[in-house]
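Below you will find the structure I want to go over with you.
Per-chain numbering from 1; labels A, B, C, D, E and F assigned in written order.
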Amino acid sequence: MFYYDNKLQYQVRVDTPDPRFARLLQQAIGGVEGEMRVCLQYLFQAFGARGPAKYRNMLMSTGTEEIGHIEMLATAVALNLEGSSSRVKDEFAANNPVVEALMGGMDPRQYLSAGMAALASDANGVPFNGSHVYASGNLAADMYANVTAEATGRALACRLFEATDDPGMKDMLRFLIARDTMHQQQWLAVIEELGGHKGTLPIPNSFPVEEELRDVSYDYFFTGVEGVEVPSGRWTQGQSLDGMGEFRLNAVKPMGQEPKLAPPMPQAYAEKQQMEGTSGDD
Amino acid sequence: MFYYDNKLQYQVRVDTPDPRFARLLQQAIGGVEGEMRVCLQYLFQAFGARGPAKYRNMLMSTGTEEIGHIEMLATAVALNLEGSSSRVKDEFAANNPVVEALMGGMDPRQYLSAGMAALASDANGVPFNGSHVYASGNLAADMYANVTAEATGRALACRLFEATDDPGMKDMLRFLIARDTMHQQQWLAVIEELGGHKGTLPIPNSFPVEEELRDVSYDYFFTGVEGVEVPSGRWTQGQSLDGMGEFRLNAVKPMGQEPKLAPPMPQAYAEKQQMEGTSGDD
Amino acid sequence: MFYYDNKLQYQVRVDTPDPRFARLLQQAIGGVEGEMRVCLQYLFQAFGARGPAKYRNMLMSTGTEEIGHIEMLATAVALNLEGSSSRVKDEFAANNPVVEALMGGMDPRQYLSAGMAALASDANGVPFNGSHVYASGNLAADMYANVTAEATGRALACRLFEATDDPGMKDMLRFLIARDTMHQQQWLAVIEELGGHKGTLPIPNSFPVEEELRDVSYDYFFTGVEGVEVPSGRWTQGQSLDGMGEFRLNAVKPMGQEPKLAPPMPQAYAEKQQMEGTSGDD
Amino acid sequence: MFYYDNKLQYQVRVDTPDPRFARLLQQAIGGVEGEMRVCLQYLFQAFGARGPAKYRNMLMSTGTEEIGHIEMLATAVALNLEGSSSRVKDEFAANNPVVEALMGGMDPRQYLSAGMAALASDANGVPFNGSHVYASGNLAADMYANVTAEATGRALACRLFEATDDPGMKDMLRFLIARDTMHQQQWLAVIEELGGHKGTLPIPNSFPVEEELRDVSYDYFFTGVEGVEVPSGRWTQGQSLDGMGEFRLNAVKPMGQEPKLAPPMPQAYAEKQQMEGTSGDD
Amino acid sequence: MFYYDNKLQYQVRVDTPDPRFARLLQQAIGGVEGEMRVCLQYLFQAFGARGPAKYRNMLMSTGTEEIGHIEMLATAVALNLEGSSSRVKDEFAANNPVVEALMGGMDPRQYLSAGMAALASDANGVPFNGSHVYASGNLAADMYANVTAEATGRALACRLFEATDDPGMKDMLRFLIARDTMHQQQWLAVIEELGGHKGTLPIPNSFPVEEELRDVSYDYFFTGVEGVEVPSGRWTQGQSLDGMGEFRLNAVKPMGQEPKLAPPMPQAYAEKQQMEGTSGDD
Amino acid sequence: MFYYDNKLQYQVRVDTPDPRFARLLQQAIGGVEGEMRVCLQYLFQAFGARGPAKYRNMLMSTGTEEIGHIEMLATAVALNLEGSSSRVKDEFAANNPVVEALMGGMDPRQYLSAGMAALASDANGVPFNGSHVYASGNLAADMYANVTAEATGRALACRLFEATDDPGMKDMLRFLIARDTMHQQQWLAVIEELGGHKGTLPIPNSFPVEEELRDVSYDYFFTGVEGVEVPSGRWTQGQSLDGMGEFRLNAVKPMGQEPKLAPPMPQAYAEKQQMEGTSGDD
């Protein structure tokens, strides 16, 4: 179960409120690279963890940390929407001030739906979607999902860092960027602990590889037509990363048949012509 | 631009049609681990590729291969829904055969909406959602997103392999599982080519690390209350994977303040009591 | 504005309640081919209608009729979920009756969320999505959208007709199928009234055709590789349907350049290697 | 910020695992009446709370409790999917055991996507959607949103109670139902503390009522056609609940005009006929 | 069934068209607080109503009224998008006028997709989502859902009132705000008619309370760590609102066990290390 | 299977990059009228095609062409976001340039999530949704779905043409508009080949018309109340388009009963008052 503290994990300060930056911050709350996603992803991975108990525990700890990041960002949104600063005051002193602020780039729903607070949505107002909570039951797959989340998350935080001049906001982002640095490493450290590429690949490593069609397991299939240069690299030559094969280049051709489906069954109510196999020019 | 062949990349054969398996196959078409996602993900990464041209080319080639995987799976769905096999014939010979088939575990929309064919949806009928198309503009982040897609995709294909006895379907899955093996390696090979952990971490590696709060960049924050065992591992000790720091354990406490928001602004129409800072027991 | 009657537009009778059929009926309520969609589509087209007033009026009338179809189908769902029939009684007499019924193919949310009534969702429980409400502002485009809705809607109703033996349900569907027949004609009658193909094509017909690249306005582009048979038909020869050109076959080749994007801008935080244009094998 | 404990808030025990019940439990995790929603709703209301600080604090406390309810339910799902019980063992001993289990009513994605664990989705596999996180910035509106969530949530838990015979699951549900009882009261207690109907209505009570069209503020508008009985009740007579008016019955007629929109502007590319105001029969 | 009138329920007049306000109005059409939601919610509650017939009738009447509110708002959107006013004319007289208008804060899809008319979406262009149509089958739960919809709806209308200077728009909003006042009261009047808190709580009141864990039915669980002040209020003391208990404060501790899941079953294809219970540091 | 070329189907040139136009172009990529939809729609129709093989082939060819249109538009987005032009340079030379560009009308996620590239979303950032991929199994219904897609798609392209002054962008749109012209004709040519209205109506034409309630198959139901003018036209008189009936006007009245549902079943946990059929005023 869970407990809370009445303080933030790290200080959140806004020197010059900017309703437009409040919109951008939504991406870090409810976006696919955001904190709701990592929080729920780590917690669901923990809740369903099977195997060595310490990974459940590790995931719980970091998932719990991330709830606090949502709190920090939601606080930052609310502070950026406050009318106390001179900049916003000026906007609100104009002829019809609310609509000016609304139309100057803020998320209208932060006002219309939330009365000047954060939403569970991204920077375009698209609601958080639970399908991004990856918890596959396979530890290595989940670790890569987590690295992805933290890599795109850190890219997002760096871009937000670029999009503000506010010292308070930059300070908060310095903290969040550093945490993303750690979390990228943390999930990759699990991969290392599991034996690296040779210990984990192919994922899932519990499926017997002899069951797969080994003829094509290390072939780079090239689908370019004549005239397109082959993109060669580490993936077209040398030992495979799992140590079990050699990369090869293969200009791929169909290995399969021309697909032929049965005529429509009567209950599916295609057009008669489909069922009779006729068409206008026959 | 693109071209097509009238043959499948690999043979698709269904010995004993099973409308229930046709439902499960939908996960590999329109699910978050499925082929629509990887196809569009690689193509969008290619379309937006900036930097060395060969990565665009490599992504185009594999993205194009994946269109053919959607085709294979959609063909497999259609064949599993056909009434030609004795098993399905029996089901359709019952009193009210369509409803029996529908209710025996198939996706009702494969009949109701598609007249016995595949949908752009997952195994629960949830439509494919474009937010899963990750193309971050950062090559390393994208490679980890691709590894994740292929790792969860291979886990899915292995589970589907387990869920059918049909020799034709098992044969098709052997091929797809092998391709997932290759594709996991392919994206990790790019990471290796870029210099591995030291060449890529922290992602994005173009953000100056001195801008982040280095004090907490390698700290494992432990949020468990007293009595919870600390989950130690590679992530709590030793050199960080980027070679720039040392992992540390940190039983975290709030570094921030108690958040205080301004009273509601009048135009936000909170309750009067909120604006006056009073409550019933004051 | 709108008014209601306390009677149904057409009789809804269920002789033998079947919770499984109640699930299938959801597709006709909240599915993409369903009545919520056509109802809202016609009403939104009416609400935004510009041009001859009679089309607004005609759309209002049919949109209003469709609200009553939602009512009929929701009533049919509720009646199919009732415990009064012997069939359902038997199911509920089993050991743990609710779970048996739930697991025998009904939509669990009709019980869990609605207490045995209809939902605003499709047959897989996916909620109705307003993006299917097409109202383009172009009358001809909207008429084709409406024909599509009624064509897929009638196919759905015919398939539902096949999926039940209940005389009451079949009677209700006979009515709905007939209405779909009429509505297909109604929207095509508008096209005819507007002058048919020559009066409406290309849609929108108010864009000056000389502004488009007329060289390719009647070419069937064939993208098959060598060995794929050309699919010839009405679309590869003869006068175009708008009477302004001749159909032609064109085995298409790229008319454009190889796309070259600028290097990543620094603020986008790509990997350094992308920005420097280097990769591991250089 | 937040902390966790390695124990559950209340004991979760499954005596006889049932993969079908694991599907139903999903509604209480990711459904609109579920724990993800209440958890996030209370936390977002807390994060954006303006006005008396104690309400923020109260919301934090209960929002934090709800994270633990997600944990309990996700644990219950995982336990219901375990192969250790004889019942499930038998299912898995059949010819093709996985597909039998999958097709016997479980959520296929609990296996295919999660490897036998909970998802962030509802009982139909529809992902949790953040638009259900209501945090309006108005305390009274939020309290009613919370009562709604707990009322539908308790109805759901009662229905789940009915849908299982498992003593462990019934025990867990007894706890969750009791908590829903408390939480309904808790939010209504805030309304009482704010002065009940007279202290809170109309919500928001900070909008000057004289600005609204008081002529229709207490009228029950009856839209039935002739022959429909008027539904009279507390809402058609007596003092209004805010004490500021009298309920009245009003058989409503249009007070507005026939809407007339301007012709389409040229850049909107309607059909020419719309722009010219002509139609085929003119 | 339903009928329509060619007049609006209340006059809709736009003195100075403002495409930006047309975007904000979308929230009142397709947003979670909007008219599509209340319209469909009341109608679905009516369609599935079981118990005293007058509630079905009352819901039908108000649901039907709400269709007319969608019509009013959609008309208001269309009028705000019209080029007839001097203000918009000026914008359209600029160099590239359409893009200026588009970029000045309007919803681009009102032009691109609808040709200057309303969409079935919210102020951020997110399509209406049917999962917000609450019809739980429990009358009291539904009444609170309806109060919530009207409370957030009235807050939204008040905020829109603040966001426009247009006399016509303000006049229309005065009407809609007044109707929301009435509708809040109407649903609460049903609660009063049912006996108020004692007659309805806990919802559902048909579940035998002795089946729930009465020990925790009136406890406010406090989850704050040491140092966090307890938020006391009406919910921590005094008689419970249902008259059946006493509120208590309870600084909650885990009552449950540490969750232990079985190892992964082989068919779920976890990593080998999970199945063997080993990790790199063992 | 599929192949690619390293050149674009048609030249994509941007003379003056405009990040705001990059947002509008998203509608043509991931919007309901966009290229992802037509591409996937034609391919899924092909993959599931039953009946004359040439239609599968024709659909494959055009579906494959459309992948190249996504590529063109994604390239156009990326070029519009580039900092190389003087116009964008100026914006980026301002005080805090990124936020200015972001707030000047561009899609913030093109920067935050994609690092200056296209997304699989529409002009409001709403992700592409697979439910728009219509493939009904009925050839005529699908052809009308395709005409709709190309009619709304061409209207969109014309509106985009209006929204830019850039010669390169206008040139690209001239090509795409011309292709939409052809594709509208192509799908209507199939209808003609199938025998036009008489050969295809009512869709599906394989359902025996005598099974439908022929009494109402050609009746225009008028639902306006007294005082509303009847909208007469081609649909109220003359021979029906399928040649099998006569259009008629019918001022519709209820043909059905007043719906009466059974009382709630106990396990559905309605309020007691519903189950007892009582209410407060009885």
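Here, contacts are C-beta pairs under 8 Å (C-beta built on N, C-alpha and C of every residue); 3 or more make two chains touch, one makes a residue touch a chain.
Everything numeric here is computed off the predicted structure, so don't read it as measured data.
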**Complete:** Chains in contact with chain E and also with chain F, listed by label, are A, B, C, D
**Request:** Report the chain pair from D-F, A-F or C-F that duplicates the E-F interface, where duplication means over half of the contact pairs agree by residue number.
**Result:** A-F
**Asked** Quick check: more C-beta contact pairs in A-C or B-F?
**Response** B-F
**Complete:** Given over half shared residue numbers means same and under half means different, the chain B/chain D interface is different
**Inter-chain centre distance, chain D versus chain E - centres from mean C-alpha coordinates, in Å** = 9
**Asked** Using mean CA coordinates as chain centres, what's the chain C-chain D distance in Å?
**Response** 27
**Fill in**
Chain-centre distance (mean CA atoms) for chain A and chain D, in whole Å, is 26
**Fill in**
Multi-chain contacts in chain C, i.e. residues touching at least two other chains, fall at 1-9, 32-33, 47-48, 50, 54-55, 57, 60-61, 64-65, 71, 75, 78, 98, 104, 111, 113, 115-116, 121, 124-127, 129, 131, 136-138, 140, 152, 155, 158-159, 162, 192-193, 203-204, 207, 223-225, 228-229, 232-234, 252, 254, 256, 259, 261-262, 264, 267-270, 279-281
**Request:** Between the chains shown, work out who touches whom and classify the graph as line, ring, star, complete or other.
**Result:** complete
**Asked** Residues of chain C touching chain F in their complex?
**Response** 3, 5-12, 32-33, 54-55, 57-58, 60-62, 64-65, 71-72, 75, 78-79, 82-84, 98, 111, 115-116, 126, 129, 131-132, 134, 136-138, 140-141, 144-145, 147-148, 150-152, 154-155, 158, 161, 174-175, 177-182, 184-186, 188-190, 192-193, 197, 201-204, 207, 209, 211-225, 228-229, 231-235, 240-242, 247, 252, 254-259, 261-262, 264-265, 267-270
**Request:** Can you check the complex and tell me which residues of chain C touch chain E?
**Result:** 1-9, 30, 36, 40, 43-44, 47-48, 50, 57, 60-61, 63-65, 67-68, 70-71, 74-75, 77-78, 113-121, 127-131, 133, 135-138
**Item:** chain A - residues contacting chain F, complex
**Value:** 18, 20-21, 23-24, 27, 31-33, 104-105, 122-126, 152, 155-156, 159-160, 162-165, 223-225, 227-229, 252, 254, 256, 259-264, 266, 268-275, 277-282
**Prompt:** In their complex, what parts of chain F are in touch with chain A?
**Reply:** 1-6, 47-55, 95-96, 98-99, 102-104, 107-109, 111-113, 115, 121, 124-127, 137-140, 192-195, 199-200, 203-207
**Request:** Using the touch definition up top, name the residues of chain C that touch chain A in the complex.
**Result:** 155, 158-159, 162, 225, 232-234, 267-269, 279-281
